[in-house]
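Okay, so subunit A shows up in both of these, paired with subunit B first and subunit C after.
And then the complex of A and B:
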């Protein structure tokens, strides 16, 4: 980038600005990389009642560490190979139709084909948080236990065909919806060449960060604006690492900035319950960044009570603090209990899934 | 950095503010959750607009209960048009994108309404898919 090696012509002010931008870009790339590299452990067991005759019973469980940004239909070839080679006998393997396979959690929740795997996992975590702790401690394995059914899929509830093609169409739909939320149109996505659009999906399929972000950086907001970012480690840590060159935003411009979108694509998931979606402006009316706390307090005030104002200052207490309020819940984003000071715009640029959406799963502090 | 363990399982140690527990808090939290799970019977206006060669509807405004999923809107539209399950019908919001079938009408309305209508375009061929 031109900010390197051309300092001779720069005024000190400009140089400071680009240093700060560089740190910001570094953090953006880092969090995008962490989000991309996040994986979850799955334990997949064929429903014992459906195991075909002559199956190898001792092996009917398959373990996989699956990328959060991936989808169940993309894991199917690997899962099928395992069961066909090691569990089912040849005749059974020939007769089984994998377009009739479908998944449930061990608790009996149907898994949708078009939900990112990380969302399925987090949604399950928050569902456990509402169960009495006695049952939770016994069902507290790190892996998400799934039951694989081999026949009679409840298609009316699964909604989509279990194919990678159907999943890709749903993914592109989500990407466009996110684009529309951000900018009021889908020009950024529709402006991509067909090859680039396919490249996004290929990047997910192959779990290739560089392939995905080569295209995604053209449609995802940048964080290179002058505003403070959250959360930010001290700048000195930036020099200790080299950032992946492929993740460099192509010159952050104010127009594409995370704080200039109309709204941030956010969905709020409650345990076993409704999914809420609304317009989430990056800044509040007073111009301050819209924080996760503000968002949660305005949507779920019973779980995240508003903070009362601080009492008036007195001589004995010149800097009074507001009385503490206890939140009854916590937000999980990409598996992280997210700090409530996080800014929604920053979350949209750095912790969104590959489909452009920030999924916030709300767990109960029971 | 504390955030690097984001791929761990649910048994990772959460910050203390997450795990502090009292049974009273738990009860209150569960009660709050139930409040948010209640569906209200609110209805919103959905306006269907044909695209391309798709048949035009005489009556194209409908009041639809907003807790319905978009899938229900698609099924309703198919019924109105007399379309069978295997005939292709593509649906879009604001001539721009196809929503997820499990998203609710309420959510789509809140995010994409135009003059108090949710505009659903339908087409027999893929248009903005």
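And then the complex of A and C:
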């Protein structure tokens, strides 16, 4: 930094970088804000067989627009308050235990309380995509209809004790795993002061973007750094590109940039089968960015067939393009059918969940 | 660190090697394992076995006494002592996709088939004493002061998706790394054997 303290004394290269950096940071912040603000509609009904005696039956459904980055144990106090105050008889309410609740979808699928709500919702959407289409034509996202049970959780299928404390430990564990995936160690998260680490969870609990990102920005890779070989268009200071050209000098975030991670924390969910998790390097061996298409084709080649090469140029077709590929499925990330040209490193920096993970739910096209 | 295919190969080699080695107290941690695959997806294989565990009998007179340190109870003692409740421990060795090392998952069931709580499991002969004495115990995990991950907690089995208890892989990775560095030539199958030995300092794997 110049001791004179005005931008006039900065070299043009640095000034250009800070303009582009500002533009890049604007887009990163925008997507992070959109992800944070994302919500899904839930419709909650207590299992009628479990409604305590003397319950107010006309009111037995609770509607909530739940944040994608939140968790069921964090919603329970509000849900419980509704049912206790408006539906259950006082004596019945007193007898219900705090950590014996559990949820099922209308189709009978058990909900994992340690999954972020957005993931639960998207996972449900893709399971509907595998069934014969009946009511999927509406443009508004359908409410996720849930049945709330108040006792006897199936402990052979669900983790114990869905308390906020257990949820916090599970959340911190996922954050540290994401840190490990990126850098091969958990030093960035464990290097935070305890108060800051707690601040991440407080941000989730209070659903406060600033509180969460005040700490998370110290440990989450940004897209401000340049990539090894950018195939992008030539630099222009008037450009609104989110990708800085490769000619940029290294900025302060270079070392921790999204394209310098060892692997992006990504999990792949199909409507059946185990959760897939594999190494996802930000750049491929040829130095090009690892795209969503490449990732999906290598893991699910039957659903995302490899793109055949363009035919050789001929007199009638001097600039041949590769034939279009028919994908049998689509990837849902934060509820969005993501474009296959998206770069995995960018997804890791801008569309990851609050626990650091990019959760990709794969639905079938009809 | 291992790749998935190295893990698969090493487990299968271990099973094959110990199929022909006779059972003894020393070899029992390596015996009885079988290889399982997911019913429709490849690349999710794991080892499993069921072993029997008893209720730990702490002796107030001897503070260092722990059943798992003594010789295996002989047939006569087991048959005549009706107070010994028998538990089944279903054990799994799975591959941790995040840490790229083996990981020990398990559940303990009573004779009625009900899974035990954490407190219940700590009363069986499954664990070494220091695990029982660890600080930071809740109903859903055992922590170690200032460690980044809990020593023992619950999670979904990576292939079956059902809840299991597991020891955090970080603990064993470091220890195994040190042991392997001392060996002059390390076959990947040795890595699993060494890892099981290190695990034996936390969990009683004898059968």
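Rule of thumb we're sticking to: the second predicted complex is superposed on the first by the 324 of 366 C-alpha atoms of A that agree within 3 Å, B and C clash if a C-alpha of one lies under 4 Å from a C-alpha of the other, contacts with A are read in each partner's own complex, and residues count from 1 in each chain.
Convention: a residue touches a chain if its C-beta (ideal position, glycine included) is under 8 Å from a C-beta of that chain, and two chains touch if they have at least 3 such contacts.
Everything quoted here is computed from the prediction, not taken from an experiment.
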Inset, instruction - State whether subunit B and subunit C clash or fit side by side on subunit A once the two structures are superposed. - result: clash
Inset, instruction - In the overlay, answer first, second, both or neither for which of subunit B and subunit C A:166 touches. - result: second
Legend entry - Partner chain in contact with A:181 - subunit B first, subunit C second, else both or neither: both
Inset, instruction - Identify the partner contact of A:273: answer first if only subunit B is touched, second if only subunit C is, both if each is, neither if none is. - result: both
Inset, instruction - Figure out whether A:329 sits in contact with subunit B (first) or subunit C (second), or with both, or with neither. - result: first
Inset, instruction - Identify the partner contact of A:155: answer first if only subunit B is touched, second if only subunit C is, both if each is, neither if none is. - result: second
Inset, instruction - Using the superposition on chain A described above, determine whether A:39 touches subunit B (first), subunit C (second), both, or neither. - result: first
Inset, instruction - State whether subunit B or subunit C is in contact with more residues of subunit A in the superposed arrangement. - result: B
Legend entry - Touching partner for A:106 - first (subunit B), second (subunit C), both, neither: neither
Legend entry - Doubly contacted subunit A residues - partners subunit C and subunit B: 112, 159-160, 169, 173, 176-177, 180-181, 186, 190, 273-275, 277-278
Inset, instruction - Would you tell me which residues of subunit A are touching subunit B in their complex? - result: 31, 34-35, 37-41, 68, 112, 114, 125, 128, 130, 133, 140-143, 159-160, 169-170, 172-174, 176-177, 179-181, 185-186, 190, 233, 263, 267, 270-271, 273-279, 300, 302-303, 326-330, 334-337, 363-366
Legend entry - List of subunit A residues in touch with subunit C within their complex: 112, 155-161, 165-166, 169, 173, 176-177, 180-181, 186, 189-190, 272-275, 277-278
Inset, instruction - Would you tell me which residues of subunit C are touching subunit A in their complex? - result: 38, 40-41, 44, 97-99, 115, 117, 138-141, 148-150, 153-156, 158-163
Inset, instruction - Could you pull out which subunit B residues touch subunit A in their complex? - result: 1, 3-4, 6-11, 14-15, 17-21, 25-26, 28-33, 35-37, 39, 71, 93-94, 96-104, 107-108, 110-112, 128-129
